[in-house]
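Questions regarding the structure given below will be posed in turn.
Should a chain be cited, it is by its letter among A, B, C, D and E, assigned in written order, with residues numbered from 1 in that chain.
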Amino acid sequence: MSGKYVLETENLTKEFAGFVAVSDVNLKVERGTIHALIGPNGAGKTTCFNLLTKFLTPTRGTIKYNGQDITRLYPADIAQLGVVRSFQISAVFPHLSVLENVRIALQKKRGGSFDFWRPASVLNVYNERARSLISDVGLSAFENTLAVELPYGRKRALEIATTLALDPEMLLLDEPTAGMGHEDIDRIAALIKAVSANRTILMVEHNLSVVSNLSNKITVLTRGRVLAEGDYKTVSENPQVREAYMGTGHA
Amino acid sequence: MLDRVSGALLEISDLQAWYGESHILHGATLHVNEGEVVTLLGRNGAGKTTTLKSIMGIVGKRTGSVKFEGRELIRLSSDAIARAGIAFCPEERGIFASLDVEENLMLPPQVRTGGLSREQIFDLFPNLRERLKSQGTKLSGGEQQMLAIGRILRTGARLLLLDEPTEGLAPVIIQQIGNTIRKLKEQGFTILLVEQNFRFASTVADRYYIMEHGKVIDEFANSELNQNLEKLHEYLGV
Amino acid sequence: QQPINVKIGIITDMSSLYADIAGPGSVAAARLAIADFKKLHPNVNVEILVGDHLNKPDVGTQLANQFIDVDKVDMLIDTPNSGVALAISQVAANKNVIYIVSGAAASDLTGPKCNANTIHWTYDTWMLANGTGSALVKTGGTSWFFLTSDYAFGHALERDTMAVVKASGGNVIGAVRHPLNTNDFSSFLLQAQASKAKVIGLANAGGDTINSIKQAAEFGIVAGGQSLAGLLVFASDVNALGLKTAQGLVLTESWYWDMNDANREWKKRWDAERKDPSKLPTMIHAGVYSAILHYLKAVVAEGGAKDGKTMVAKMKSMPTDDILFGKGTIDPNGRKRHPAYLLEVKKPDESKYPGDIYKVRATIPADQAFRPAKDSGCPLVN
Amino acid sequence: MEPAAIEQKDESAPAIRAGGVPVAFAIMLALIAAAPFVTYPLFVMQVLCFALFACAFNLLIGYVGLLSFGHALYFGWASYVCAHTAKVWGLPPELAILTGAAFACGCGIVAGSLAIRRQGIYFAMITLALAQMMYFFALQAKFTGGEDGIQGVPRGKMFGVLDLGNELVMYYVTAAIFLTGFLLIYRIIHSPFGEVLKAIRENEARAISLGYKTDRYKLMAFVLSATLAGVAGATKAIVLQQASLTDVNWPMSGEVVLIALLGGLGTLFGPVLGALIILAMQYKLSSFGEWVLVAQGAIFVLCVLLFRRGIVGEIANFFRIRL
Amino acid sequence: MFEFCLPAILGGKCIPSAALFGQLLIGLINGSFYALLSLGLAVIFGMLNIINFAHGAQYMLGAFTAYLLLQLTGLGYWPALVIAPIVVGITGIIVERTMLQWLYKLDHLYGLLLTFGIALILEGVVRNKYGSAGLPYTLPDSLRGGQNLGFMFLPNYRAWVIGASLVVCFGTWFIIERTRLGAYLRAATENPTLVRAFGINVPRMITLTYGFGVALAAFAGVMAAPIYNVSPQMGSELIIVVFAVVVIGGMGSILGAIFTGFGLGVIEGLTKVFFPEASNTVIFVIMAIVLLVRPAGLFGRRA
């Protein structure tokens, strides 16, 4: 656990049949911070995310996590190392209960889990930890509800609880507040803030008030390239950023 | 103007709707006059999208009355409703991956005369002209939104239903969409808009309806906005 | 006279591939046999059970077992589909019940896999190969090319026919093996055509044979001077081809309905029983009729239905004689012996009425028509 | 990635009650114990083999959401291998069955690693095509006897003491094999491994992002299913003393789908009941057999249109229990 | 005369190059049946997301309808080529209206199972009525005989088969990929609700598409009747190979179905010459290899 940066990319590039979606991105995410990735639509944020979690393979460039080159690893390996992502659309296991949802993640600690000859009751040891995670995100009342029956905002909360169950060192959140009403946004923002202790968070977000409240550092992407970097103030005062992203309405 | 219910372009009364077993709309009543931009506001799950879908006839089951130009639509199938002259731009945009931009644009058949021509649409959204041959879903989010709005302008439908046209868009693009809506209004289109983003809605709307639990619970004109900020805060948490 | 009760289980294919050549027609033939026998022996009451093996050996086995254990049948008969027949033959041996095969072709039934409970009645692959092979060589078809279905049955047919062709002084130029249930034979036919062999032997069956003949006509193979020899062709196959396509095809059968008045007379009665004017009786049907008659004679001779080995021994010891196959015998390995006929498919204008499809080109006497018992490899023959 | 057998749960329905499984299991156990005294044992043995086969198949479709349309491959080939080793190599029945199952396991590894690269109908078609390929091998291979199959497989003595030639001994050995397989499947479903399978069925991308190598889990499930199908096929070879081509051909793959569908996909007992009904039907219909194919087709159509849950599924749903 | 030889490692079998041309041509013709059948499957899969397991049975129905037309009304091959696809297509439409339409919202597997059941019923009914041996259907007189191409004798009928199926295949491709109607179809595959909300009667379009796909199968059936055995099981034997073709081509891809159909016909034809024992497995082997390298198939659009 050394080094200032948890995650570093070097000349990260992704081309789709001639179209360059991410181009020579050198991203450095500092340990223990909340780092936001913003930019206009189609700037390559989601693509960048997919590259970092290996849901896409980079055309060029390297990705280092804690100094280790992870460019060639598989998605599941990345998760194993402690980098866990959330999805732009909510990702829960719909017909499992809230408790089971979280337990699936906790169960990961057992290793392979290929032991098909053991009764499922061996998993009960995780119940306690699962309940505490569930209460952290305010879902205690829904412990036995099927995930599919939760309202949208609570699904996001469940997703975060599941993600935290892996005790990840680094969290990647893709538009955690997309499509939420104001109240939910505030709750999720508070939750992100709370879980950021001892962790590094990289998130994509369009909601500038969330970005300005939460993030320590912001990278602005346009057309696949880094346009600007810095804290909210620096970035929002950058005229290029204002032109390409914020428009005239924001100060 | 607020009271002019009869003779409105679109009149909805006691609209109820279900998805399978779940009863979502519990008797929404509202109307849209010719040439207006009307915005539906409300929290997540209030039933805004469902209202638009019920107008278009794409929910599981609906009852009540939806009158367009005086004609009852509640028994018609969605294709017949579209042909009656209403066009819908859905929340998730609905750009077709297997069609290129041009095919996407030309897809909805003309239902009436008087729609915009291709050139007029390109003038409105210059970005589209450059990317005619790319696959529809490879456009950026904002361009997809432009495409989604552009393609229903060709059809000649005079009433446009736009569901959260700004969701997930960068602020700069949102401004652009706002400009477009104002231009469309100038050209004589009538628009029923659903928005979460109140800040944006306030730049385009003539009138607002507030929805909660599948009902319209309040209504005011843009001119009365300042008197109603309190209420809005209460309803929406803005 | 003491009443004698006999139960016969017909295990056949009622519903699929072999339903035309056996199936309901076999049941009709069995009824005729019983009716005829009852005229002479009114004290013999025969009950028939019918089982559909669906062409699945396990279903066949299961049916045979249930027929024997639960329904207490005295005898099993018919069974087109060699796989099923071989399986039932084992069951019959284990449970000591008599089993008469009319429908299946595998000569193994009286060869290495013979047993003292099974009689193979109507025909087998050796007879087919031998009849067609030797007769054609004698009439000038001296060079052969084989189209062989690539599995055990095809290999056996090819092997037996090759041996006969060589023994009769002909030579084999080549062979090509095609997969079972092939749709398109043009590729193989081109190879056969290029070989310039005088006879193309079709060591296949059913749909494969039909397809190869149909396409041979299309490629002008017969018109080009080569002739086709079907090594396992039934009247139903000729029907499926139509005379226009099948004309000139040479094949062997042990019974043909239009060969003499007795057969024609029998066909009328069979038609009445079968109640489907589109179907023709086959040698398998005739075999079922003839086998049941002979069995019932043995039953009467024994004074009742006895266990399988006894009945088979009795049947072997009595000469056979009936209106359809004439006089014959049963070899020690269970092989029933009667004459076979080399037939040629008529031209469309030679056919006078429906079902008039063959000319008889030669009669192969009983002693030559089937494999000599000593060559069979059956352990029952010392 | 909608799971195959899961119906949309309607909100108003009361919660699922526990306790269905033990009761149903007790009933099944009693019936199996009593069966040879009230009906024809050989028939019940065959039903048990098919029931195990269908349970193994159901493990994939019902609990992983993968429809294999090529399960005849494992069933049929295991049956061949078992028949051959017992008859030609002279292996005792327990070893012959194990060899057959091991062979099915091997085939499962190869076919599975190809097929799990795709989902849904793609998966179904790939498994079908691979099975058909192996059918052609079976047809052409010398040792299988082509269309004739292998007959006269000796039943021998299990573990050197149990004389399987005795119908009743054979019956209880078959019943024991079936029950072992059945309980193993129950255990697989309710194991830590089973929990992961459920998660994968529900949302595969999410399971990956949690760090599960889902392909390995799916492959494992596939191989387990193939192996158990192999055990069923091999046992059947010993019971009926034969192996034949029909067991590797694709209609057999269709039949096992039919059995599971009729009984209830994703239910524990559905495949067992389905096997009983379908096999009974085959023998009942056998006297007027021309309609077998039509009847089977009609059952498919009716099940899909009207009783998508299958018989056991409908019962379970009616009583709000799990079966 | 030239000889074409395989490398020694593959057995070193030689055939004259003239014969090789013949075999290539034959393979192409056989491929045109694969192409026609897999085209219908691809159209139905692409538009309805249903694997039409009844496709083989509908192909068989096409051939039987041709036979019945001849028997009952005396109408020969040419009228049958038009009437049989229409008749069978209408039965397809009935099936879609009464059964398939209820399945679109469910998992795709149910469509597969339902059409499997329909295939069994169709095959069973025809078998009960007409037996399983097959029925005669001869070449139309206008297409008897053949051309001597020097390297082979090409029956006129085969030349017609290849020509007709090329026209039908590329006609279908054109309609779907290059016309407005095709754009509606493709869009409706992705999001039928939305396309309907644009004013297009999607259910009717889907019904007609299924009818068209089925008609294609029946068309192939009539084409096959004069040269292949017209029997109840003629379709079920072919359909699995056609499934493999569709998987290799990439499911739902029209062009993929066409090219793979023709291509595999050629490969299979050559295998029949050089390794006849393997000619029925070669397609499955290719499928396995393609899946290893390109899981979405050769022309598959989306993974």
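Here is the rule we use: a residue touches a chain if its C-beta (ideal position, glycine included) is under 8 Å from a C-beta of that chain, and two chains touch if they have at least 3 such contacts.
All of these numbers come straight from a predicted model, not from anything done at the bench.
Visitor: Which contact partners do subunit C and subunit D have in common?
Guide: Chains that touch both subunit C and subunit D, as defined above, are E.
Visitor: Counting C-beta pairs in contact, which chain pair has more, A-D or B-E?
Guide: Higher contact count goes to A-D.
Visitor: Quick one: subunit A and subunit C, Cα centre-to-centre, how many Å?
Guide: 74
Visitor: Indicate the whole-number Å distance between the mean C-alpha point of subunit B and the mean C-alpha point of subunit E.
Guide: One centre to the other, that is 45 Å.
Visitor: Which whole number of Å gives the spacing of the CA centres of subunit A and subunit B?
Guide: 32
Visitor: Residues of subunit E that contact two or more other chains, please.
Guide: Each of 124, 127-128, 277, 280 in subunit E touches at least two other chains.
Visitor: Among the residues of subunit C, which are close enough to touch at least two other chains?
Guide: If we look for residues of subunit C contacting two or more partner chains, we find 15-16, 19, 150, 179-180.
Visitor: Of all the residues in subunit B, which ones touch at least 2 other chains?
Guide: Not one residue in subunit B touches at least two other chains.
Visitor: Going by the contact rule at the top, pick out the subunit B residues touching subunit A in the complex.
Guide: 43-45, 138-144, 167-175, 196, 199, 236-238
Visitor: Tell me, which parts of subunit D touch subunit C in their complex?
Guide: Going by the criterion above, the answer is residues 40, 42-43, 46, 136, 139-140, 145-149, 151-152, 236, 240-242, 244-247, 282-283, 285-293.
Visitor: Can you check the complex and tell me which residues of subunit D touch subunit E?
Guide: 2-4, 61, 67, 69, 114, 117-118, 120-122, 124-126, 128-130, 132-133, 136-137, 140, 250, 254, 257, 261, 290-301, 303-305, 308
Visitor: Spell out the part of subunit C that touches subunit D in their complex, as residue ranges.
Guide: Residues 14-16, 19, 49-59, 61-63, 65-66, 69-70, 81-83, 86-87, 89-90, 106, 108, 113, 150-153, 155, 179-180.
Visitor: Could you pull out which subunit D residues touch subunit A in their complex?
Guide: It is residues 3, 6, 9, 11, 184, 187-188, 190-196, 198-199, 202-203, 205-214, 216-217, 220, 224 of subunit D that touch subunit A.
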